[in-house]
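Structures follow.
Here chain A shows up in two complexes: once beside chain B, once beside chain C.
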Partner chain A sequence: MTSGNALTIAESRSGAVCVVALSGRIDSTNAEQLMLRLTQLLSAEEKAVLVDFGGVLYLTSAAFRALLVTADEAERNGARFVLCGVVGQVRELFEMGGLLDAFTIHGSYDEALARLG
Partner chain B sequence: MLSAALDRFGVEHGVPRESLVDLQVALDEIVSNVIKYAWPEGGTREVSVRMTARKDAVDIEVIDDGEAFNPLSVAPPKRSPGRKPRIGGVGIHMVKQLMDRVEYARTDGRNHMIFTKRCILGVPPPIEEAR
Partner chain C sequence: MARPPGLIYAVDESPPAAMLALSALQHLAVAANSLVYPMILAREAGLSGTALLSFVSVSMLGLGVATLLFCARTRLIGSGYLCPAGYTQIYLGPSLYALQHGGLSLVYGMTVVAGLMQLGIAPVLRRLRALLPPEIAGLVIAVVGLSLASLGVKYSLGIGVNQRVLPEYVAVAVISLVTMIVFNIWTKGYTKIFCALIGIVVGYAVSAALGLLDLSAAIPKVGLAIVTPPALDHVGWQFEAVMLAPFLVVTVATTLRVMGDVSNAERLNDADWVRPDLRSLSRGVASNGLASMFCGMVGTTGINSYSACIGLSGATGITSRVVGYASGVAFIALAFVPAAAVVFAAMPAPVMGAALFFSSAFVFTAGLQMITARMLDSRKTIVIGFSFAMALMADVYRDVFTGVPAVLQPIFGNALVLGTLCAVLLNLVMRIGVRQRVSLRLESGPVNRDAVEQFLSEHGARWAARRDIVNRATFGAVQVLEVLGDVPGGVEIETSFDEFSLNVRIRYVGMPLVVPEQRPTPRDIISSEEGERLLAGYLLRRSADRVISRSSGERAEVYLHYDH
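Coming up: the complex of A and B.
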């Protein structure tokens, strides 16, 4: 049943933008794995990272911590770090955590790419 | 895996999907809090989780033998305009919003966190049977 708990991190590229599509659950058991991957991308000189939450079932405060660390790292590296696909229950969780305005969140994947491009 | 156990419990008792997600988030927040703070000296310790399905609610009780600590006493996170958000206290603040009831008790040298989500469990019976 561990597959039910899996977080999938899929990476692709659209021009200069590194797109990270997440699916599954982000909780205390795997948030660090996400943080490591995102900060690695920034260390590898990625200057625009877009994280798509469209496939995420839920996330906990451990995920917010990972995202805040990544956003700080992006700022230090002069990189842009933006989110999209933050909808439904996932959006409600961002709101409850008081973090909806802590990140740059675009309404859709296409809009995010257009803004970053 | 705790979340897998809660998933199975949810399927078994027909917990609505949105309520199950809320319960998963709350359980992760409470248990990860215990693991992080209850046992500063480490060692082999015990945490147990009890899930109870009622007709109109799910109760989850998390019991640990760590130091006495009531997470509900933690002040909600403060946001100052223009300041970066801090994550401390966000988890328990979310639990309070997600659940219909959250209680803490210290009994027999153990911390007990009990949280309840109200929801209708199981598939509603056909109208004939409900009469």
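Coming up: the complex of A and C.
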């Protein structure tokens, strides 16, 4: 874990799926920014949003709240909100928080795209 | 404790009789390679004919007794794991030096002394852990792997005094090695498990076809008895104070190796392995001391755990302790059969080379894994890097080091001894100025995550703490600071480390942090920031091995403890 691990958010599209690739750490300094971006996508009528955690180093409670708010928003909009790349320490944090079941999580990016496609 | 995916028989499990017998035979064939060290000593001592075979028989007796001692699971001795014994190049340099100065009786006497010193180290291993940390044990194992590979190549190429490569040796070694690799990688079941044994048998057959196997040359002119006890009547013991230094280094090096081997055997049985069990290590070291004393008493060279056999267990997935018992008993039985001594004494050098080279890959990578599991700062990097380089230098500049004073030659003439001594001494020197308890003061204002991450990773590396534990502690500290927010008067973070725990204390002025036992519901978390704070406390409780939140007057403290 080194310094300078600010969050970066990269968006791309794969067919009807909006892919949001995250890297760095997600904490109280940037969780609000992430939540805002994800809810904006849902407000813009995106019906399938895939968040790739492959580059995330760790996330704190603020990040979990941002994700839960987004998942709640997606449900109300009838959109699918899916996570992938949840591995290593990040997966451990999901497990510790008992939050693996609170989200739809796929093993890999390709699997997630196949399910959403 | 989790079962590793490739494990077929765990330490406490017993394979069926046929598989047990073949597994024991395979370990026996691999461990028999280590007889090369006593045979080198015997050759230098000018033993031949009956005396040579008798020496090989006694060495087999030593192997058997030592294997039983290493694998035993008792309160005082025995690692409790499949940890067969083997003769070692660590003893070779000092033993040859003793041979020159006082003959075989001085070798035997000093071997008993070395065993006694090791027996003395075993009960205080816990106190010595700072001097003999896991990354240095890993270094020793990696150097052993390289030494095995080097020796394997030498025997495979048939390199002798004239430095010529013998094509027929290369042919035998390549066929034997390729057989082992093919059966290990591209087959399943029995053939994978017995890949080394199959390779050795194929090597013997090819050697016989090429005329490299001559059993009759090893049979004395007077003939062989079918069964006879190993001759012990030639044994005598001498002791010299000047020999203590090189044999003390031997004791430290063999102790580190047995620590590394037992750790490796533990790791093969537990996918969640994080650190060695000191009781197993201590009993393993005691076994090594007793075993070397026994070897010196009966008249052979000192002994150690045999990394190649641990590598074999990893390659085959059979780590059952009873396999060790079986191969130990088999070695003892074979010590009474002179014909067996002939077979081992006549083992073709390229077959020996192929088996050593095959096992070396598993030994070397196991050593590297033990080193890289730790965070290494500049100090530790220098300790590991320099010692590794020095170990290599002993081989690369062998001729140059022959010019060092005679008393130092057992050290400079042996890669493993030089590398180990260098690592232990450098580790001692590099400990100067390393505090085990450090603190960081953060002034009030936005949470400075970079400072916290840098502080913990810098000191984690200085202590050679495990990377995953430091990452968890970093998460914990950042999570606490995030919940506390901007604290008037700032925050003090104190962290301390010993080999068994990493502790973080965060002190501040304010209310104590709530650390709930129940997770807040997703709805609680979404609906309020209080829900998020409760989740933070819950995450802390789950991520640390112990968390205490307390206050005294206006001051509060969060204590996070992580098992290491």
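Note that the second predicted complex is superposed on the first by the 113 of 117 C-alpha atoms of A that agree within 3 Å, B and C clash if a C-alpha of one lies under 4 Å from a C-alpha of the other, contacts with A are read in each partner's own complex, and residues count from 1 in each chain.
As a convention for this text, contacts are C-beta pairs under 8 Å (C-beta built on N, C-alpha and C of every residue); 3 or more make two chains touch, one makes a residue touch a chain.
Predicted model only: the values in this text are computed from it and were never measured.
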Partner chain(s) touched by A:110 [first = chain B, second = chain C, both, neither]: neither
Partner chain(s) touched by A:89 [first = chain B, second = chain C, both, neither]: both
Partner chain in contact with A:98 - chain B first, chain C second, else both or neither: both
Which of chain B and chain C A:60 touches, first, second, both or neither: both
Partner chain in contact with A:25 - chain B first, chain C second, else both or neither: both
Overlap of the chain B and chain C footprints on chain A, listed as residue numbers: 1-2, 4-5, 25, 27-29, 58, 60-62, 64-65, 68, 72, 89, 93, 96-99, 102
Complex contact set, residues of chain C against chain A: 446-447, 449-450, 453-454, 457, 468, 470-472, 474-475, 478-479, 482-483, 519, 522, 525-526, 531-533, 535-536, 538-539, 542-543
Residues of chain A that touch chain B when the two form their complex: 1-2, 4-5, 25, 27-29, 57-62, 64-65, 68, 72, 89, 93, 96-99, 102
Chain C contact footprint on chain A (complex, rising order): 1-5, 25, 27-29, 58, 60-62, 64-65, 68-69, 72, 89, 92-93, 96-99, 102
Touching residues on chain B, where the partner in the complex is chain A: 1, 3-4, 7-8, 18, 21, 24-25, 28-29, 31-32, 35, 77, 79, 84-85, 87, 90-91, 93-94, 97-98
